[in-house]
Amino acid sequence: MTYITKPSFHHPNLPRNELGLTRRDYEGSMSTLCAGCGHDSVTAAIIEACFELNLPAHKVAKMSGIGCSSKTPTYFLLKSHGFNSVHGRMPSVATGANLANNELKYIGVSGDGDTASIGFGQFAHAVRRQVDMLYIVENNGTYGLTKGQFSATNDRISVGRKGQVNAFESIDLVSIAIQLGASFVARGFSGDKYQLVPLIKAALSHKGFAFIDVISPCVTFNNHGGSTKSFEFVRDHEHTVTGADYVPRREEITAAYPEGSVIDVTLHDESRVRLRKLDATYDPSDRAAALQYMMEHQAKDEVVTGLLYLNTGDTELKEKMDIVDVPLNSLKAADLRPSTEALEKINAGLR
Amino acid sequence: MTYITKPSFHHPNLPRNELGLTRRDYEGSMSTLCAGCGHDSVTAAIIEACFELNLPAHKVAKMSGIGCSSKTPTYFLLKSHGFNSVHGRMPSVATGANLANNELKYIGVSGDGDTASIGFGQFAHAVRRQVDMLYIVENNGTYGLTKGQFSATNDRISVGRKGQVNAFESIDLVSIAIQLGASFVARGFSGDKYQLVPLIKAALSHKGFAFIDVISPCVTFNNHGGSTKSFEFVRDHEHTVTGADYVPRREEITAAYPEGSVIDVTLHDESRVRLRKLDATYDPSDRAAALQYMMEHQAKDEVVTGLLYLNTGDTELKEKMDIVDVPLNSLKAADLRPSTEALEKINAGLR
Amino acid sequence: MRVNDFVIKFANVNGSGSASANAMFAKAVFRMGVPVAPKNIFPSNIQGLPTWFEVRVNDKGFLGRREGIDMMVAMNPQSWDEDVASILPGGYLLYDSTFIREIKRDDIKTIGVPLTKLCNERFTIPRERQLFKNVAYVGALTALLDMDFSVVEGMIAEQFRGKPKAVQPNIDALNLGREYALKYFDCPLDMRVARSDAVGDQILVEGNAAAGLGCVFAGATVAAWYPITPSTSVAEAFERYCNRLRVDPETKKKKFAIVQAEDELAAIGMAIGANWNGARAFTATSGPGISLMSEFLGLAYFAEVPVLLFNIQRGGPSTGMPTRTQQSDIISCAYASHGDTKHVLLFPSDPTEVFDFAIKGFDLSDRLQTPIIVMSDLDLGMNDWTTAPFKIDETTEFDRGKVLNARQLDEIKEFGRYLDVDGDGIPYRTYPGTHPEKGAFFTRGTSHDEYARYTEDGKVNERVMRRLSRKFDTAKTLLPGPVFGQVNQGATLGLIHFGTTAIAIPEAMELLAERKIHLDTMRVRAFPFSREVEDFIKSHEKVFVVEQNRDAQMRSLLVNECGIDPARLVPVLNFDGFPITAAAIADMVSEHLGQGERDQAQDGFAAE
Amino acid sequence: MRVNDFVIKFANVNGSGSASANAMFAKAVFRMGVPVAPKNIFPSNIQGLPTWFEVRVNDKGFLGRREGIDMMVAMNPQSWDEDVASILPGGYLLYDSTFIREIKRDDIKTIGVPLTKLCNERFTIPRERQLFKNVAYVGALTALLDMDFSVVEGMIAEQFRGKPKAVQPNIDALNLGREYALKYFDCPLDMRVARSDAVGDQILVEGNAAAGLGCVFAGATVAAWYPITPSTSVAEAFERYCNRLRVDPETKKKKFAIVQAEDELAAIGMAIGANWNGARAFTATSGPGISLMSEFLGLAYFAEVPVLLFNIQRGGPSTGMPTRTQQSDIISCAYASHGDTKHVLLFPSDPTEVFDFAIKGFDLSDRLQTPIIVMSDLDLGMNDWTTAPFKIDETTEFDRGKVLNARQLDEIKEFGRYLDVDGDGIPYRTYPGTHPEKGAFFTRGTSHDEYARYTEDGKVNERVMRRLSRKFDTAKTLLPGPVFGQVNQGATLGLIHFGTTAIAIPEAMELLAERKIHLDTMRVRAFPFSREVEDFIKSHEKVFVVEQNRDAQMRSLLVNECGIDPARLVPVLNFDGFPITAAAIADMVSEHLGQGERDQAQDGFAAE
């Protein structure tokens, strides 16, 4: 029996959010991942973000593929429906779910194997369709669940545990997402929840395809010296271009910043994300420039993090498709089934 | 019966190449495509290039997926083996074939549906593996063989025959190929064989993954006003950044050019490609810059053509994998089957 | 005299605009009240290759394919020889006499009409000259076959209601041919179309249109598909009808979503995601798509997510014969995906049934919480059929199956997604977002317990797998049962057929009766098979199973699932890509039966 | 006294380093000449969950799984209760007495060894303290079970030949446990390992290693795969052995290519491309991969491209039970892909046969020009088996089948890729680049004629399809035939088994014999089935078919393909994810047989 429920005892004075819920209410069952796995930190960040956003769990749907990372939806939001689909195919399932009911928030969790290899095609097309969801890749540069093979996101310089060299070009999911039109693209690090939580909150408030590539080290198979997805490497090579603060609706921004160093972007639910430019030259609204920036810094072995591209101007899938505002799954026979007369007309037209 | 052989009568004084072959020797069976289809022009360009390169047909393998474009290998190089695989899966078949015998030249022909939709994952991974082949996409922005649905390479501004709008971001295969590490990337136009033939010749002389995106209008389903893949649109919006001349080995370059306006690149078979820079600012050896350039010009609805990126420095698949020089399919039992003694040692080790 | 009983075939060049003219001819016959079966025999390319249009006209409603051509309209020099050769002795050859053609037969009657010449004189624009040739031979046919000209005129008027300018040239083109025929041949011939009331209130429609329309009436809101012949027109029809019937009059917004997916894996993934979320969603594909969808079919079977899939079968294996018909995906659909999986199949026989099964299919899929595959084929999907009008029962609600709402969740004491509460093997489900506290569960393709929790306890998984078998047994009681043909008391021989083979059966039985062979017939409409199917087989000594594939796949299913001795099931097969003919069935059956058996079949004594 | 006949089970926490210690124990028994069957029962995760290691020790070579534990080494508090419960009355419980544990049973003997305490005293580094606990209980076992300590010492020495510093701590750890046991318990127990020569020249190896090694000896040069449990170690073993045996001594370059593909569709695509080009290439996968590969399998079948595929079956359907064993992909592999397709399957029963079938498989695939699927499973693939040593026959050449070289092309008068020159349904092929003028052809999945040219002529395609059936019949004569067990003259009952079930059969037969039930047994080794298989079934009134799936899939194949009356085939099934036991087989068989039948089985009279 590999399913472990947590004791549901709540400490009486745990902090509660606007819904009167504690963080514990946003947890899932006990993680079965390796002690120290980066993925567990991402799970914690998701829990924190949902708690702070006061999300009702039943209005969230958790989607995933197959892998250690794809297991994590079991470890948060116990009261949300979840769908652990097949390897690499979560994007299509999420797209269908989204079309059926756009009132839920969709949190998709995938891995670098799940997304950059078997699921690359589905990922690319979910991006260009601007499916309204948060898509997180817990990127550890390896196939954790199948015991540590190279994944396609491995940088060319990285070396395997047993010294294997990686001759092939790596797939930078962030650049791909930007190029194919994702409207919210960020990179985080499982080791830095102060950066990650606001990114997740902003992404969940954004309408359209929000992609977060989280470098999430695999302590068991890819946290060694040669790895570029190890805690140490990321700490040493992280280059944060923008710091993002999340500002809930109706909340005042007090702190003052030097001229031109911050950008305030209002998100679809009227909350705002405040971007602190740590690199003055960087413009997170210019796709082409952002892409070039990624490439140049990656060439220097830097791991560029932060909110990298944001476009609140594009429409999301359902708008693009001119679908009625109410969820399609809420329409009843009366709305959907034409009359007998209508059918008779059709019959007549076929004579 | 839909297979039509051509009369094999050769006019006595047709020009012959170094192998004593005429262009007719490089033809295939009769095309069954629509009259005026761009794909037939690409076929003609391939025939011309192979004729001029003096390629022995039996040293070429023709690979394709499924589609009108994927049918074309039947229409050239009748004396080459061909493999018309399954929809979108040509890259994997070509990769396997390549590993088995790297002495053949591989010409892969695909369509935009075949490559950008169902085959996107395989395409991306063939690129990053640097499979040694020429990969041509006959890009018409539509699914010709299934009667004109939108394909993923359609620009956002393009409109369907019946006025359908294309709400989704388009996939620019050239940018994807550059980003994922293809070492030879070009775009041509089926309507311009003077540009296309040298590109194909250079690509066939290049070692590594050579990608040519050929805009090849579908006269039946996507050559109307709203299409950005029509003959007219491309003629009006073409922006050629580099002119490429192919210079066979041991041939003198005579013509003189203004300073800095040309780059000579020596290819793996010692032939050279002479790049005439039509846009002085453009540097076809800088990936990041090339990418940015594509994006900026595409944003202006320009169709950037020419040899867009060239890197003769990278190794190709077989080199990356340290495989012996002779083709693997030429190794005999003596080379491959260890001795009984070796097996006995293994048995001993298992006791 | 061949009145209302003949086969006429048009041989054209693909892309020359002949299709609409030929269809107009067929429709005209239909409007004269005579049952027709037009069949479009087209190449897998877009322009320039031979294409044929075969129309069987039969007052009795024998509309299965029939070999032998009574009249050939030979417009394609490429296929001229084989076209001429296929004409029955005494039959007619209508051709474009503008060109001299060698006709190697003296046992047929030739009708030369200088179509090109006539059109070149009357029309100037090249494309028009080309197109109107087709209209002109239809005109000639109206005279030769004694057809009601006003009917054809009426159709032209309808067709160009939008652009009146187009009407006259078409009428002229018709008259070019008609007048030439009246002038140079003594019309009508001994082969004619005579007004009849055999059509009654029937309609003329293709199966794929019926599928798309059925999905509209079934309340489907999401369609995800990937283009592939011959299934493409299912999604197209759904879109066409939705645009007509499902657009909000005020906002102009859509009460439906149609996604052209990036491939078949994505298409079924989307359909599954939407159904999981409580919207009715479907996909449509053909052979290669089925293979690609099999992984997801296994997930939907095991995770128990409803999904409706139309498989418009074409010639396999692999890419095979994309523009020909077969029934060769039966095994691959019934057992799609690795592991112990079984899927529910429906076998419609005509467009009306496709429409009904689309509606029924969604109810069954929701009720059984499992994929349902509607097994149509190219012949049914892409050809127009003379078929009963579509009907719905507005009084019935959709059956969404066992879905718990918030109130019910509050009432029950415990919710377990995979608990067999009712003993029928069908558990209860909830849609995401139903209740703030209760009813959430985790859908997964990994082994799980009754509460949808991951488990590696083999015994628990075994329990779940046994329940799935139980559910499959329940399905037998819910699926459309078999339909029986004429039943001669005491006949010891039976014949099983399904899908598009049905249309050939009455005629085949008549042919066999002439040979004193009598069989009971049963049309199977669904898999898994109901008791009645087993009983039918068991109550006959020998049962022929007619199918359009090489490996007798339906026979295999019958043997496997009903525990039948294969010796009693005789395969009657056709897999050349064309619909099986009544004559072929009759011949194979009588060939199999030695005289002895035939007698005994005849007077119904048991043998063996 | 239980000498060389017991089951010992280790209950550990996944990732705690117990695996190597447990394996060392099993290997030590093996080295004492006693047959062992270790089975690793692991979770689908990497660290922290319960994992078990079951070792059956049996002098007679009865190495199938057996229920009931004679000794439990209980190291995991999580699973403590179920572990203690699974001990047979009178059995032993060995546990870490550093911690107080409640033992609810009084019918077992407990042996407490304070492993944690002992290791904490001796070792300082936390990880060492953790790891050496495992080594320590092995030490204790050597004393308790009277094992030859020098054997274990020797293994330590071998294992750390590289790093001598590691040897002493391990020896110390062994002694910690050993000495404690000797001091506090009267060793040895009545349960022992005694030196024997039952092992003889056998080896201890896992099936996947045998597969990889077999491919090396078969001359495979290209492997394309995608990671999936339990098939991953096939590619890993191939790589390991290639690095040892296939690297050019001078250039250090590789005479092989191994590609980790982006998914299973690509993996088999690459293998097909390489085989098409004349290199021997294979792929390995499990359930979900099979579903994804089915489209390409259909192409290879129809275009007649050889390819070898290892299916290491796991618990299905869908993602199912990834770390459990089953034989449930039989139908999905035999008929993989849409349309009329059939595939050749091989069913190895032990690692030696996996090795042989890898070699034979390539010959057959080249000879038959069709995919061959080797149907292994997790139990065979990932567990070490006591099995006969690997042998090859260096004198034989590889059989590359009907491949024409340039000279032959010049000699023959015409080349048609799909011509049935020899009447066996197998055509001739050429590799690309063979001849400047002759032998080129176009491989395609679309319908084609005998010259590989695209055709839409249904009759031509039908001809090709019939030849493929003929080829499949030829296969029957080339595939490994069945192996027969003890044959009692006149027994009216038969039993069919295959794959990993074989190991349990001799023991099952012994159990049945005690109950006076005698059956003839036959082990099926390949599909399609040879005449002998049919004859065996036909010569017995009732035949039991033992398989590890829910739907009796092998039985279905037998019924379909041999035209057997299902009534005569009785399913004996197990699908809980664990290998079927001899006891289970014996019970299901005798339960099925009423007393009457049992007698008659016994003295061999016909009944019914």
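Every chain is named by a letter (A, B, C and D) in the order it is written, and numbering of its residues begins at 1.
Simple rule for what comes next: a contact is a pair of C-beta atoms (placed from the backbone, for glycine too) under 8 Å apart; a residue touches a chain by one contact, two chains touch by 3 or more.
Predicted, not measured: the structure shown is a model, and the values here were computed from it.
The greatest centre-to-centre distance from chain B, using averaged C-alpha positions, is reached by D. When the C-beta pairs in contact are tallied for B-C and for A-C, the bigger tally goes to A-C.
Averaging Cα coordinates per chain places chain B and chain C 40 Å apart. Chain centres here are Cα averages; for chain B and chain D they lie 43 Å apart.
Under the contact definition stated at the top, the residues of chain A that touch 2 or more other chains are 2, 86, 117-118, 120-121, 124-125, 129, 152, 321. For chain C, residues that reach two or more other chains under the stated contact definition are 43-44, 262-263, 288, 295, 299, 318-319, 444-446, 456. Interface of chain D with chain B (complex): residues 30-31, 201-205, 213, 216-219, 221-222, 224, 241, 245-246, 248, 251-257, 259, 261-263, 265-279, 281, 295-296, 299, 389-392, 394, 397-398, 430-437, 440-446, 449, 453-457. On chain B, the positions that touch chain D within their shared complex are 1-3, 29, 56-59, 61-62, 73-74, 78-86, 89, 91-101, 103-104, 121-122, 124-125, 129, 318, 321-325, 327-329, 331, 333, 335-340, 342-343, 346-347, 350-351.
The residues of chain C lying in touch with chain D in their complex are 43-44, 287-288, 290-292, 294-295, 298-299, 301-303, 315-324, 326, 328-329, 331-332, 335-342, 444-447, 456, 458-459, 461-462, 465-466, 469, 549-551, 553, 556, 559-560, 563-567, 575-578. Considering their complex, residues 117-121, 124-125, 127-130, 152, 167-172, 175-176, 179-181, 287-289, 291-292, 295-296, 299, 315, 320-321 of chain B touch chain A.
For chain D in complex with chain A, the touching residues are 15, 43-50, 226-229, 232, 260, 262-264, 288, 318-319.
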